[in-house]
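What follows is one structure encoded as structure tokens, with my remarks underneath.
Lettered A, B, C and D in written order, each chain numbered from 1.
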Amino acid sequence: MTLASSADDRRYVLTLGCPDTTGIVARIATFLAEVGGSIVEAAYHADQDTGWFFTRQAVRASSIPFGLDELREKFASVAADIGPQTEWTLSDTGKRKRVVLLVSKEGHCLHDILGRVAAGELDAEICAVIGNHRDLEPVAQRHGITFHYVSFPKDPAERGPAFEQVRKLVDAHDPHAVVLARFMQVLPEELCEHWAGRAINIHHSFLPSFIGARPYHQAFTRGVKLIGATCHYVTAELDAGPIIEQDVIRVSHSDSVSDMVRQGRDVEKLVLSRGLRWHLEDRVLVHDSKTVVFR
Amino acid sequence: MTLASSADDRRYVLTLGCPDTTGIVARIATFLAEVGGSIVEAAYHADQDTGWFFTRQAVRASSIPFGLDELREKFASVAADIGPQTEWTLSDTGKRKRVVLLVSKEGHCLHDILGRVAAGELDAEICAVIGNHRDLEPVAQRHGITFHYVSFPKDPAERGPAFEQVRKLVDAHDPHAVVLARFMQVLPEELCEHWAGRAINIHHSFLPSFIGARPYHQAFTRGVKLIGATCHYVTAELDAGPIIEQDVIRVSHSDSVSDMVRQGRDVEKLVLSRGLRWHLEDRVLVHDSKTVVFR
Amino acid sequence: MTLASSADDRRYVLTLGCPDTTGIVARIATFLAEVGGSIVEAAYHADQDTGWFFTRQAVRASSIPFGLDELREKFASVAADIGPQTEWTLSDTGKRKRVVLLVSKEGHCLHDILGRVAAGELDAEICAVIGNHRDLEPVAQRHGITFHYVSFPKDPAERGPAFEQVRKLVDAHDPHAVVLARFMQVLPEELCEHWAGRAINIHHSFLPSFIGARPYHQAFTRGVKLIGATCHYVTAELDAGPIIEQDVIRVSHSDSVSDMVRQGRDVEKLVLSRGLRWHLEDRVLVHDSKTVVFR
Amino acid sequence: MTLASSADDRRYVLTLGCPDTTGIVARIATFLAEVGGSIVEAAYHADQDTGWFFTRQAVRASSIPFGLDELREKFASVAADIGPQTEWTLSDTGKRKRVVLLVSKEGHCLHDILGRVAAGELDAEICAVIGNHRDLEPVAQRHGITFHYVSFPKDPAERGPAFEQVRKLVDAHDPHAVVLARFMQVLPEELCEHWAGRAINIHHSFLPSFIGARPYHQAFTRGVKLIGATCHYVTAELDAGPIIEQDVIRVSHSDSVSDMVRQGRDVEKLVLSRGLRWHLEDRVLVHDSKTVVFR
């Protein structure tokens, strides 16, 4: 699960989902063996509930005698053979994935992601940071990353053009991930669909508890003994998208709302950075409203 | 926090709640010093949100030159002096607290509580077990504890007499705690009020997520990455009472509903046993809809 | 991961370890596909450090048109083909695994395991309980399980015959697991070797911290902020065998040694029950001094 | 536990330790009541093992009709009255505490601390960063903090002058905390004594496991299932000082050493930032080789 720090660490990563039947693993494994593929990581899941099959395989790139395009072409016929509902991807860890970050005023998630990229800990190219406030512009600049300010009108009904502007700025990079790093704006339905499977949000509660605004206030009022954060794909229904990762931290009666906000930030950062890493490493497969995460 | 295993381990435990003002700690501490009380544990909390003050103090019983009744009498005037809204209790760890358990068919919480009492780990007297099914009668009998079977009609509208019978069976013991150890019946409002602050429920989810029936099925369907359990005081509103303790365990896409049920049981047992212990040790102070837990 | 609760839940479980080379997965998967095997769970691990390959596969028994013996026979030639160092097992979840428990005076782990078996939560046959004290005899009897008392002399140098007696009592059942459920006796080297890969111990610390006697006292003295427990295979070197599972719980300055002992018991029970379950479900593969655990 | 964000959030914080006797709480509380002190937080611990008493009290500064110096003077006679062994401090949350950071090449802890200070989340003045390599100079500069490079000879026997230089640079600020934020150098005994109770180290293992160099390699080799980090006061004996905070994270057979290093960093950052916060908020009282942490 380490980054591609040397030529031999380069991997081709296959993900595949399809209705479960006998022989799928054999077909894939036989194909990979025939092309000489040295499998470094392989994970499978057959969902008894939905009858769906999922796999992720990482193959040492140097073990394949031809390039990714040819591998894709050859595998396409295997996939077709498996069945018409088969969904698959093949990616190259040697090519850095592109990420655009949407932010507002709170900087802890932005700081954390940029810090991890700078430290070589998260293998991604941060193409741009887009904010509906200028507060975090210096943070992006300090890391040499373009910051776009998009003004959002107070009236939600008038925000269409602002979202249209965000869409263009994002799409210019054709990113693998659009991260709502405490963006605090509800995406319009058409953007949710347009970025389906790529838009990742961090919600500052342990969903489905405390959906919507001011979850720490809700948690304080309810008197819960643990607070949490949830990283999920964005869908049209608010805070209801497929969950990638969650975690919690213990609180007590002595913690005020601002104590919860402070401690919660640490959970948000960790949960978002894990979820984003897994997404970029093609470890997250979505089916219906749930995820399979091959950690 | 150990049990009273020798004479010198016997404690008088004071709990007190009142509107916060200057000098309360001084008044209590001065009183305890004047009667020679050796304070073994002391905890305070001044709630900035509600302006309420809470304290719990454990005094070595042998350090007080008279009995609990006299201590109570003397302290009453201190409490009156502090103010008319002052609520306080004084209890003796040398007197075992009485507990009645309400159960249905699932035995893991019953097993766990009886096992802890048998091992001398939970200092309580289990007066009776009451079940709306006979399944767990042998478990109670094996521990030499009376089991009462109360037949509950299928139609919820006709369960009044059954609850009346439960009430009489419980009240005969005047228990310090009525534990709904996976009882699976919603208490009628009048019973919630009658046992207010004494009826403790274990709910098999991380509340406020998944209120009501079949929370593990709800959790499976939502695709959460952690499941939990909540120990709370029973109030008229379903699963909305003051929370005493919560905990969670990690699950993944590979866990079926029955895997979650199995793993969740371990969390339920732990959370209920902790919550019950703290309640019996007078560590839980309730104010409005929240708890202060002096662990 | 559920138990075999219906005919269709019966599985044949294959585990295999060998030096990693290209094509192993293909060979196994092709074989399983050829015999019609419907794979329910499959996990792989290629260890970059040792160059060793590990897999565990669970196949729906009803999908195979012949019995386990024939499956074993057929697979033997696949395994031979993979290479001479290949180690593999094939087991049937329809056949309950046999377990012998070794105990001393502390009963919490014994209670926990017997309770899980009684509740149908742990799919195992507890053949016998062997104790070097009689304290826990009633616990075994209550569950209808034979208890053998073996007297251990005070002088460690004279315990040879006692261990010989334990060995005979254990071996009479040819168990899949010999569980040292807080047995508090160091097994002689020859027994460690004789039961290699089958003898499972629960140590009441987070190894490698606090090896040997009275780990909670050691933890208290050192002032650690978390205490833990470790489930591991027994080897000749004390508390140094391959670790199957570990967990921890938070403690504070207010916890005495006996508080730690009490809270630690909950961790011990959980860690041992998880480790034992995984062992019995053939989820633990040992290589050198470490384990691969396919959870 | 929030920061002093408004005038009324300013606190005077008293810590006190002494041999336990009856009446200490009364004396302190009576004194505070007499000067009109409004107690916001109060915590007590009577250690049954050592017979030592500890307390920490936070008083609303605005409730005291005179300044901190006068409060100190008045309290001195209370402390003297309690006994000659009494150790106490009185500090003002309105005065930012000074911190000097010692670093080497790894920047994650430095990034984390500077980020928290910048975000107003950690109320401290970072006076200087001192490094035995120049790698992290830009990080300090970006935050406008002076960076001092001190060259350390390869031969440990010749490092005396380098440590002397570090000592002077540190002492120039008379800091409340000297943080070894992955400094990777063992402090000479005289510096340990000179900074006793102020020098805080983060060790990248769950002590006392894996003392010394390369703890993640040690953890990988041992095959532990959890890795951790420990924040402790520095003493002359390596990695044996009083522990302030510890935490762990789960790892598995699929994690390489570099995976552990990456995941461990998140634990190190959290544990160090919690430990440093508690130290600066006077929540940590040291007695013998252990800490009392009033969280």
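We adopt the following convention: a residue touches a chain if its C-beta (ideal position, glycine included) is under 8 Å from a C-beta of that chain, and two chains touch if they have at least 3 such contacts.
Model, not experiment: these values are computed from the prediction.
Note that among the pairs A-B, A-C or C-D, A-C reproduces the B-D interface, with over half of its contact pairs the same by residue number.
Centroid distances from chain A, each centroid being the mean of CA atoms, peak for B.
In this assembly, the C-alpha centroid of chain A lies 36 Å from the C-alpha centroid of chain D.
Averaging Cα coordinates per chain places chain C and chain D 41 Å apart. Contact with two or more other chains is made by residues 41, 48, 254, 256, 295 of chain A.
On the chain B side of its complex with chain D, the touching residues are 22-23, 25-30, 32-34, 36-44, 46, 48, 63, 250. Across the complex, chain B is touched by residues 45, 47-49, 206-210, 220, 222-226, 228, 242-248, 252-254, 256, 289-293, 295 of chain A. For chain C in complex with chain B, the touching residues are 1-2, 41, 107-108, 111, 115, 119, 121, 142, 254-256, 258-259, 262, 265-266, 270, 295.
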